[in-house]
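Following this line, the structures themselves.
Each of the next two complexes has chain A plus one more chain, namely chain B in the first and chain C in the second.
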Partner chain A sequence: MASRNATQTTGFLRRRLQRAAPLLTMVSPVTVWMVILIAVPLIYVLFISFCSTDEAHHIVFAFTLQNYAKLFDPTLLSIYGNSLLIAGLTCLISILIGYPFATIMANSSPFKRTLMMVFLMLPFWTNSLIRLYGWRSILGSNGFINSVLQSLGLITQPLELLYNHFAVVLGMVYVLLPFMVLPIYTVILKLDHSLLEAASDLGARPARRFLKVTLPLTSSGIFAGSIMVFIPALGYFFVSNLMGGGTTQLIGNVIARQFKEAFNWPFGAALSIVLIIITLVLVRAYTKTGGKMDDLGAM
Partner chain B sequence: MKTRRYRRVMAIMLSLTLLLTGSQLTACGGGGGGGGGSEGAGELNLYIWAEYLPDAVVERFTEETGIKVNVSNYSSNEDLLAKVQGSNEGIYDVVVPSDYMVKMMAEEGLLEELDKDALPNLANIEENFLDPSFDPGNTYSVPYMGGVAMIVYNRDVVTEPITGYQQLFDPQYANSIVALDDFRAVIGMTAKSLGYSLNTTDDTELAQVALRLEELRPNIKLFDSDSPKSAMLSGETSIGYMWNAEVAICQEESDSFEAVFPSEGCYLFLDNLSVLKGAQNRENALAFINFIMEPEISKMISEEFPYLNPNREAVALLPDSYRDNPVSNVPAEIIAKGEYVTDLGADVAKYDELWTEFTR
Partner chain C sequence: MLMASQAIVELKNVDKRYGENHVVKDLNLAINEGEFLSILGPSGCGKTTTLRMIAGFEQQSSGTILVEGEPVEDKEPFERNVNTVFQSYALFPHMTVFENVAFGLKMKRTARAEIRERVQEALALVQLEGFEKRYPSQLSGGQKQRVAIARAIINQPKVLLLDEPLGALDLKLRKQMQLELKRLQKRLGITFVYVTHDQEEALTMSDRIAVMHEGILDQLDAPSRIYDFPATRFVADFIGESNIFDGLASPQGKNIVVTTEAGRVLGQNSGGFEEGEQVQVSVRPEKLRFDSEAREGFDLEGTVRENIFVGTFIKSILLLSSGQEVVLTSLSGQAVPEEGRSYHLFWEPSDAVILHSRSQEIWSTIANVDLSGFSAEADASADAGSAETGGANAAPASAGAASASAASASATPAAASAPAAAHRQKARA
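Take a look at the complex of A and B:
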């Protein structure tokens, strides 16, 4: 009885294995890759976020919740608020620019479409730091804009265009705009035009048709783009360093400092966990409202 | 069912990927690799600050010794430490840590003791710079170049002469200062303006520093460590707090810049040549360090990068334009009155909190 059971089990296992073999050989390299490069570092981050440091800045493996308690410091709370505000504004402006751009692109001839895509992606071939330095020389006190305005006699004192929130948001929008345009573009391309015709036939004016039909059908693209823009905007500390002159702090700046000058990796890890949680919540909300992961993955 | 699980897996994978791209925090800086595997005597792997060693010096060393030098660069002591700690032992042969970083790296066991018999040129170094507090007896390091953080202002805009840190807090200079993006430098300067040490960890003193920083905040236009002189030269700011060589370059560009050694005393730094523990080319490393301390070679370096040169014999060879310029060749009495940054241990968290509050 027992031996028959055993043969049954091995037979069952063999059959399972035979069925799983192709999947294993095809998928396992990717999985191993993902585990080594993504899962392991993140588990390490989670692990050290519960550790502390000693006098010589070594990480000490003694369990503590102190790093998480420090997260609720009023100064840090105001930095989260500031970060969320900047990321939110970046998102909103990116939608306002990106949506019309994606619409025009999707409705153009294939040649124009390719051309627009090239213009959108071409700047990405240059390092974003260099492009941000370019903005600094355009916006500076003696920069292009101020020189032109002054020589036209429109202003007497140079405008303060750099080293403030405005400049940071501008830099963020500039760096992240393609991440908003592409998902919206994908969704608009897939839009079923017969639905729009039906709406018009039933008497909807263009504005109403847009609000009641087009917008709901493309909202998943907007949401996908917002995730792709919002999350990096919380962490891109180099943008706030260059455009804000280091006077505007994002969560990313605080994290970067923990890993370098402050030698406090555990606290930096705890702050990173906050970012991870924000991301997971947003992605969850996205999939809950019917968003497709493929639209995010299209990037 | 399958698609749903797939979706969930993808959701997790994607959020993780997004996060990694969103918070690539430790990956920045670091420079290139450490040069390939060396075969015995022919190579040297050097890891040094960017813009600190002329190519001509490296070429001359190779010419004289036949040793091939692989140079990589970093831009902060913390980058250096992170790179060395995160790599195999002996990834580099020679590194150039600053004062407090020599101490930290030596305590971590990352530096090799120097064989002084192989460094006869150590005799060329000025007495004042030997046997420093961060490395007694020069066990692990010999001086390379040094300097101070100091004030520079534009005489065309700032009419009252500035003599010390005090005036940087004056409300009349709202939004007109560029300062090093370095929390130890800025908080240290504020502490010194109150007569405290650059390295104070006293809570009552730091509480006053916090209040004082509130007065500084409206005056700061931007922080920049990479090239603070640019903001001065473009007229973006009229007052600057930066390294002496940056000030020297400002003055070369225009006569309207006045350099000030703050009356309260300066923030000093001294960068040093050290051999990394487990260095694959130890003898080459010592030969290189000795070569750098040759007066003729040290002179070549100062001609290109006008920092304070601790090499007495090299200074004797340098032209008057270097020797008589206090901004490059910082006078001994300024050095004597100055202070080095020290590692604060766990108390660095107090500075970090002050800075987070200040730049919020």
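Take a look at the complex of A and C:
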């Protein structure tokens, strides 16, 4: 069934589809729409990943595994490793910032809560490219931080704050943080306060209470948020382009280059399939450990 | 009064306000070591708040709470030697039964072997052996309840606080658990402070009952005394059924003649009543008697409206000349008044409780005045007033009860009593 194939795409698509699943059986125009928009392109990507190209970069329809063989190129493997590392770091930092933020938000008065929510969502109303350019003007060699430090006489040479892993991770955290905060916030809001009281009543000091009760009962939010942050962090090539210059390569960069510069669509397709598989494995691990698809839909 | 050394928990002049909402009013309560004390009152009267202040989840607005003779204001819940059984059980959903029960011991860093042994013991005590590996979601309501109790007693607290622990169970299981809890309490010798709105539950289980009402402690006494000698109109109303007559007192030797709108009646003179004082006479339906001839001292007649058969007894509703309805119960097998006939009504003077209604009006006046600026003094004087009556017949009724005191017998259906109340007020005016 077409809708079934489609569910095995990305977390996003799968989520959308799962929600729509009961409708699909009844509303045929929707089914058709989904098939056209999601299933067909994906099947096409899968199909051309087994093709090759001629000198004029035209796709040649002849079955080959060469695109998949090329995946095991050492430089490519190191890019994969690097990309996973950056996504992991992004995730970790997002948890460290997002969890306290979500906790404070959940324990605030309704007014403050709304205010914090607005601040959190505000960036969504402007293009993230523009916002990243904002960061560039802060971190650049003529940027805000360097100007301040230089005028204070603390440094003579501008610091290289852009074009490194640090800048990429910063940009990623900046763009993806709301996706970490919202699922955690939702879970903390739902947390039964009497459980915390019971823990205190039984002699748990705040730190142990957090570790033994609060954290385990809100870990589903952390997992959901991590999925929502980790997967895009593998692919957001524009972040690494803007913040990392050429220094940092993500899986997303390699894929984009195959389609836009090298015109090797079959290889790009094979790389995409790998990304999809990574996504599916992560989502599967998430649901296996008791995570709910609905929590991924917290946005 | 109780000796201070006997009290394991003591509340002194405790007040609790949520903003404008005065939830607990000048509460004085000494709980004895090893007793089963129930806090009984209608929903919203401040029972849970009182319990939560003892546990440390809420801070009182003023007053002192002592546990084992020491003030606990500065102690966090995890530092207090009391444990709570929560209304909703509050079992940790991510832990097994074993881990739930072991939680308190783990927090104390008890050795593993000892934890194992003591958890087994606690589970045996609540008859849940073999359930160690289950999760709360795999338990029935009654089983969850038992786990909650085992978890709360594992640290051998001096005091166990229970907030309507049986509220969510069905009637049959509730009855069974009542007996089990009572047995458990006797066996462990732990002081139980048991919150309930179910008077029957409180009467069956408790050594003493504290009846609360709109944040005020109306009476603190043994169940039988609460039933036989209610200290306020509210208590007479809330515990069981009562026929309440408003009237004027005239003490005559060991009895008091009370002239009510429906006629003259007698009550026992327990002292402290003045000639012409406004009082209320409270008589239980089973103490009310009837005859075709008048009894000495009584001049009260009622017409039987209806006889209702309620299992082992028969409930007769009688209409008095004042328009007030009263309830009389007779055991089946005894003589039952005939429907439609008129009878003379009477009772043993010692079976009637006479309440000062004048004092209630004074208290209601005080409660009505806005004393937000110097309420502490007012509360203190209220305490001094009630202390005279010996602690047992303690605090005054609140504004609500006193204004309600114009209404007639509690036992009558509201609709029927309303015209009677209106009638009475006209008569007074």
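One rule holds for everything that comes next: the second predicted complex is superposed on the first by the 268 of 299 C-alpha atoms of A that agree within 3 Å, B and C clash if a C-alpha of one lies under 4 Å from a C-alpha of the other, contacts with A are read in each partner's own complex, and residues count from 1 in each chain.
In this section, contacts are C-beta pairs under 8 Å (C-beta built on N, C-alpha and C of every residue); 3 or more make two chains touch, one makes a residue touch a chain.
Everything numeric here is computed off the predicted structure, so don't read it as measured data.
Participant: Looking at A:Ile104 after the superposition, I want to know if it touches chain B, chain C, both of them or none. Which is it: first, second, both, neither?
Facilitator: A:Ile104 sits against neither chain B nor chain C.
Participant: Between chain B (first) and chain C (second), which, if any, makes contact with A:Pro216: first, second, both or neither?
Facilitator: After superposition on chain A, A:Pro216 lies in contact with chain C alone.
Participant: Quick one: classify A:Ala199 as touching chain B (first), chain C (second), both or neither.
Facilitator: second
Participant: Figure out whether A:Leu159 sits in contact with chain B (first) or chain C (second), or with both, or with neither.
Facilitator: neither
Participant: Comparing chain C with chain B, which touches more residues belonging to chain A?
Facilitator: B
Participant: Identify the partner contact of A:Leu191: answer first if only chain B is touched, second if only chain C is, both if each is, neither if none is.
Facilitator: After superposition on chain A, A:Leu191 lies in contact with neither partner.
Participant: Who does A:Ile145 touch here: chain B (first), chain C (second), both, or neither?
Facilitator: neither
Participant: Looking at the overlay, what does A:Met117 touch: chain B (first), chain C (second), both, or neither?
Facilitator: The answer is neither, since A:Met117 touches no partner chain.
Participant: Can you give me the overlap between the chain B contact set and the chain C contact set on chain A?
Facilitator: In the superposed arrangement, which is not itself an observed complex, chain A uses no residue for both chain B and chain C.
Participant: In the complex formed with chain B, which residues of chain A make contact?
Facilitator: Its residues touching chain B are 34, 38-39, 41-42, 53-57, 73, 75-76, 78-79, 82, 140-142, 160, 162-163, 227-228, 231-232, 234-238, 241, 245-249, 252-264, 268, 272, 275-276, 279-280, 283-284, 287, 292-294, 296-297.
Participant: Looking at the complex, which residues from chain B come into contact with chain A?
Facilitator: Where chain B meets chain A, its residues are 7-8, 10-11, 13-23, 25-26, 28, 76, 78-79, 82, 104, 107-108, 175, 181-184, 220-224, 234-236, 345-346, 348-349, 351-353, 355-357, 359-360.
Participant: Any idea which chain C residues touch chain A in the complex?
Facilitator: 55-57, 76-78, 83-84, 86, 88, 90-94, 103-104, 106-108, 151-152, 155
Participant: Taking the touch rule as given, give the residues of chain A at its contact with chain C in the complex, in rising order.
Facilitator: 192, 194-195, 197-205, 208, 212-213, 216-217
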